[in-house]
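What follows is chain A paired twice: with chain B in the first complex and chain C in the second.
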Partner chain A sequence: MKLTKIFKHAVLASTMGAAAMLAGCHNATTVAESAPATINGMKAGGHEYILTVTRPNQLHIVDTETNQLVRTCDVPGVFGNGGIAMSPDGRIAYVMTNKWEDIYGFDITNCEIKFSAKQSYSNVQVKSFISMAVSADGKELYTVQNPVRKLTDRFETMEPRLAVFNTADGLNAKPARTFPVDRRITKIGSMQNGEVILGGGDLKAIDPKTGKVRMLKALQNWDRAPDKWVPPDAFAMHTMGEHVGEFIMPYFTIRWNGAPGDESKADFLWGHVRIDTKTGEVESIETVPFEFIVFNWVTDPNDKDILYGSFNQLSKHNVKTGETVKVQPMDHTYYNINMTGDGKTIYIGGTSSDISIHDAETLEKIGSIQLTGDMSTADLRLARLK
Partner chain B sequence: MNNNKTTRALLGTGALALAGLVTLPAQAADAERIIRDRCLSCHTETGEAATPFSRISEQRKTPEGWMMTISRMQQQRGLVISPEEKRAVVKYLADNQGLAPSETAGLRYLLEKEPNVVESFDQLLQETCVRCHSGARIALQRRTEDEWKNLIHFHMGQFPTAELHAGARDRAWFDIALTNVAPKLAKDYPFNSDAWNSWQKVIKKDLTGGWAMHGYVPGKGTFDASLHATKTANDTYALVLEGHYADGTPLAGKGRAVVYAGYEWRASLTIDGVKVRQVLAASADGNSLEGRMFERDDEIIGGSVKAVKGTAITAVTPSYIKRGERKLLTISGNNLKGNVKLGSGLKLLNVVSRDANRVVVLAEASKNAAVGSNTVKVGSVSAQGALAVYDTVARVEITPSDSIARIGGAGGPIPKQKSAYRAVGYAAGADGKPGTEDDLRLGYMPAAWTLKPFDEIAEHDNDIKYAGTIDKDGIFTPGDAGLNPERKMSTNNVGNLSVVGTVVDGGNSVQGEAHLLVTVQKFVKPVIE
Partner chain C sequence: MKHLKSFNKKAKMLDQATSQNEVEEVVAMQSIVGCTSVNDPGWEVDPFGGLGSLCQPMESDLYGCADACWWPAQVPDTMVNHTAFGDTAPKANEDWRKIDSVFPEE
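Coming up: the complex of A and B.
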């Protein structure tokens, strides 16, 4: 879209006006002058940061413009899985800690803890596997809880549930509501319509107001002939897709072109489910040959047919044609991948203590960020600080 | 509360120091008192005479199994118990809620720390449980169905990600485990069994006395020794071991054995300065002990041992003689008195030396002796198939055929896990074709040892340079732990190798191969794998 000079001015003026209005009783002139420049010295106005967690237990914030570490926050408790969920304004990073039990919400501009929740209580041990998401309006935080009651001489496995926290409850928040969900749910995400995507054996969506669950995409219970297809196996370890407003989950499957079990005639395939969090549209295809191990796909913001994956290689694939576009060997194993909203830069992290930076076009390594500890299974999330 | 526990622990120690002087019922009463004192802050008394303590009374386990349970209670559930009390409770539970000999048969490799055993359990168990731990770990327990179910619930609390592993996340793992596996385990491995009921009624034999032991130690070879067991307390023996390796090197050691459930012999000895363990099973007649002896700090360095108490032959070494060959044979055993007979086609040229435990003879096989296995006799005692007469070594099998070694050391806390190999020779048998059913097993033969890359990838990655070395005795020592910047992606000194054993037979060299995967350290080492 081309804007005329006059129209541009008009848009800018209205934006600034809106900023002044939103500032409410604050000094409107100051906010209007500084917005969207910085918050506590950090570039804002949609500026992008990469976040991750390292051992022993630190949250790191990296500026994608300078590729410099701008802040490190100490996370209470022992390392969990390094899971991170961002508030929609890009300011609060919710970190899963203490062996997947506790959540702390950090203001990334100053490391202040704005939110906390200890999920275990009394004799009930509560673990959340990866699963953490913030509602589109930032008001609610969701986790899938896997409780086990530890009685004096035995354990009792309880039903998993979606827990809904009010982010405004601040420290020591307790779930406002809970609803039963399936077992084995790992990564979850929020949709603009208020539903929460549940990534488990199948992909479902739950209404966090009523607990009503609907199927988005059957995977383990898909309706395909068992002599033609092997039910998918998804290693759904990290949540991502925030740079383009999607939820993406790769899975592995086999298509038997001959007799079931005849590997010589079979296709070993990567499939994925991709959900547009704005429209709720669900895409599911299997085209990419299983030539590389990846833990995740990340979508090219400029071409939705292009996906990138990493593990021992960084690879670029066209999911429409199944073509492997480019492959770049890595210097060690990396579990996680993400990229900037402009589609120019890829960040590869997890496993060890360095984030590898690559040009999305050539896949060549263009930089590296050394952190203070191993990322292990930690998330690598993109935050747009508004 | 804690102070109370400490006081009790100290009192317990004092009482147990006198344990050697008290009688069996007193020991049992003592163990029950310890259970009441130490365990009932969490467990409860059921009021049932047959199963007095919640959970504890509805399981049967090996001594190692009970040891592991109590250790977990100490490490993770706050149990405070002195080492003496712990030993008393393990002994009591293994004796009264143990497994019968028939219930451990075929599964003893796990207790014996036998490396590189390839298990085969049914698919349901294999996929649900045996993808993480051995199948024998399950099959060496007996529980009620409720207790098997409690074990599944325990997994969910203790290892919450168990249902997310590959092979679990693609199915309703927890539901399958609870509704399909637990009832099957209750049927296959029931708490109440005829085997255990009968075994409890058997009057257990005293194992005091002189035993003739034959065994094998990697790097040192076969050995013969006399083992003297002197009873020091109920089911407890002081041990003295004296003997020789096949090359004449003497061996001597002392130690102590405790016998659980009337047959589970667990001994700790120091032999020539090296701490070793014996995990043996006594036969119901009390006349033989069989199992494995291994170094305490390097369990791979160990081998099968057999001890006999009555008149018996334990081994003939070597176990083969070639047609037309003249060689020294050692017959090992107990009370070896009388004439030596080697079988047809074999001439006894001379008895070189003999005592009650060892007869060394010079034997000659005639050029047209029949190929086959011969029975060796000393006086009235015989060992069937103990000596093979062969024409040529037609093939060589390397054992173990599939193996794992693990990098370690290099200043890290986890030592290298070695791997040890032996070559087994075979004659072709009547059909003249090696690899067929009628092949004649000749036994372990001396071999020269080399390594080669297992496949093209191993060759390309030069695994042979980094993964480790094998010595003249067939002991493979893996490379150092840690990243190696010389290697692709700075990978560890892992590798995929073939172990090649070459046996020289007359003018021929015969080779066998085994697969060896050199991999990373094992960071969790349970008592039972």
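Coming up: the complex of A and C.
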């Protein structure tokens, strides 16, 4: 994570060059094919792109080196919600579309559709609220399905479930397995151990092979004394953290230092749950004063004590000390935030039709990317094209 | 209202709070989106009693409220019932003149 892009490219180039000299042209070609410098004209070898979806319904791919829009893919169906989950090789973007029901997997290098799944069937309407993730090996796609059977005289609310798709099933894929899960799960992620993080009232993990669920971090049902703490109000909407291999979710709480309800002695705090998707380590901490709204946090790749948040302002916080390090006013409200793996550039999106680009050190605005329409609730994800 | 049954924890809390006249104890935003999964009262001031932390301008937040069925009474719900709302206005901040009200079908 701490390697600069230039250094990574230099390492890649020198490795490929050395392989060519040592092994001859045939083997050199093999090396080049396994780690191509470009794929369909797009820089690969770990090059980073920012992806989002806008109205009317298009997937956009932005090169983080030039901050230029390099490709736009038309997404079938009606816009909504524009959620994105990336394959681990950074090549396939799974997009939630058609009123939060269907998924299409795009090869981001040429817009070719490699995967599709329509979740509704017969008289059953199936919505997935944001919740979509790809397994660490790229072989499975997960959604949380919220089905409703539309009968002639009533709607029958069915049990929510985790649906497991095989990404190799291609077009018109059907779930290979389903398992019951809690209601109101909106934000999910996958861990290296194969489990899927379920973000909702509490944070749990499910084994997508057996359906076994375990608690990662109780939030709504935490066991803190009710006369000392208010149960967290989590904002489990967008998923990010791929730039450092984590799942992070902010929440709001109140610590009563006096009598419950005595706001004059209370601390109003932002907290977060942060899960290392490689080790499974769970961190939960409340230190940042609740001074303004943020929708999401992203972690500085060079200092995990530093978080960035966005909404009506871009803010930088030290979660170890609780200090608000910097605040930068924004042109308008933005729901979403992400950043590059070198920790230098922050991208802020969602809501309107422009991605705002900022220097992570100063938080100053250094650029803007105009898109074809509003991002609304769409994701803003980082892809490393291998 | 007697035909409505509390279905999840939040709804049960709301029932209890209503009966005890303690609505403020309900955690309203524990989880979001989905028409029936939210209980968002629609507020006129931000959590700090001001306006600075409301979405600005409203055009930036318009589709975010419509698409997620966040405020299905105040904004047409594009998730289920009014999917064509906004079709002629991909950029709300520029195309707001083209955005119209919706009406019940005859």
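The rule we apply is simple: the second predicted complex is superposed on the first by the 353 of 386 C-alpha atoms of A that agree within 3 Å, B and C clash if a C-alpha of one lies under 4 Å from a C-alpha of the other, contacts with A are read in each partner's own complex, and residues count from 1 in each chain.
We take it that a contact is a pair of C-beta atoms (placed from the backbone, for glycine too) under 8 Å apart; a residue touches a chain by one contact, two chains touch by 3 or more.
Fair warning: this is a prediction, and the values are worked out from it, not measured in the lab.
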Simultaneous placement of chain C and chain B on chain A, clash or fit: clash
Touching partner for A:T186 - first (chain B), second (chain C), both, neither: both
Contacts of A:F79 with chain B and chain C, given as first, second, both or neither: second
Greater residue coverage of chain A in the superposed arrangement, chain B or chain C: C
Partner chain in contact with A:Y104 - chain B first, chain C second, else both or neither: neither
First (chain B), second (chain C), both or neither touched by A:W297: neither
Touching partner for A:E156 - first (chain B), second (chain C), both, neither: first
Chain B versus chain C as contact partner of A:F115, first or second or both or neither: neither
Contacts of A:N312 with chain B and chain C, given as first, second, both or neither: both
Region of chain B that runs into chain C when the structures are aligned on their shared chain, from 167-175, 257-265, 401-409 or 455-463: 167-175
Overlap of the chain B and chain C footprints on chain A, listed as residue numbers: 100, 125, 127, 129, 146, 157, 183-184, 186, 201, 220, 231, 233-235, 312, 332-333
Residues on chain B engaged by chain A in the complex (per definition of touch): 42-44, 54-55, 150, 152-154, 156-158, 160-161, 163-164, 166, 169-175, 489-490
Chain A to chain B touching residues, read off their complex: 100, 125, 127, 129, 146, 148, 150, 152-157, 183-184, 186, 201, 220, 231-235, 312, 330-333
Touching residues on chain A, where the partner in the complex is chain C: 54-56, 78-81, 99-100, 125, 127, 129-130, 146, 157, 183-186, 200-201, 220, 231, 233-237, 290, 292-293, 311-312, 332-335, 350-353, 372-374, 376-377
Footprint of chain A on chain C - complex, ascending: 7-9, 27-34, 36-37, 46-48, 52-53, 55-57, 59-61, 63-64, 66-68, 78-80, 83-84, 86-87, 90-94
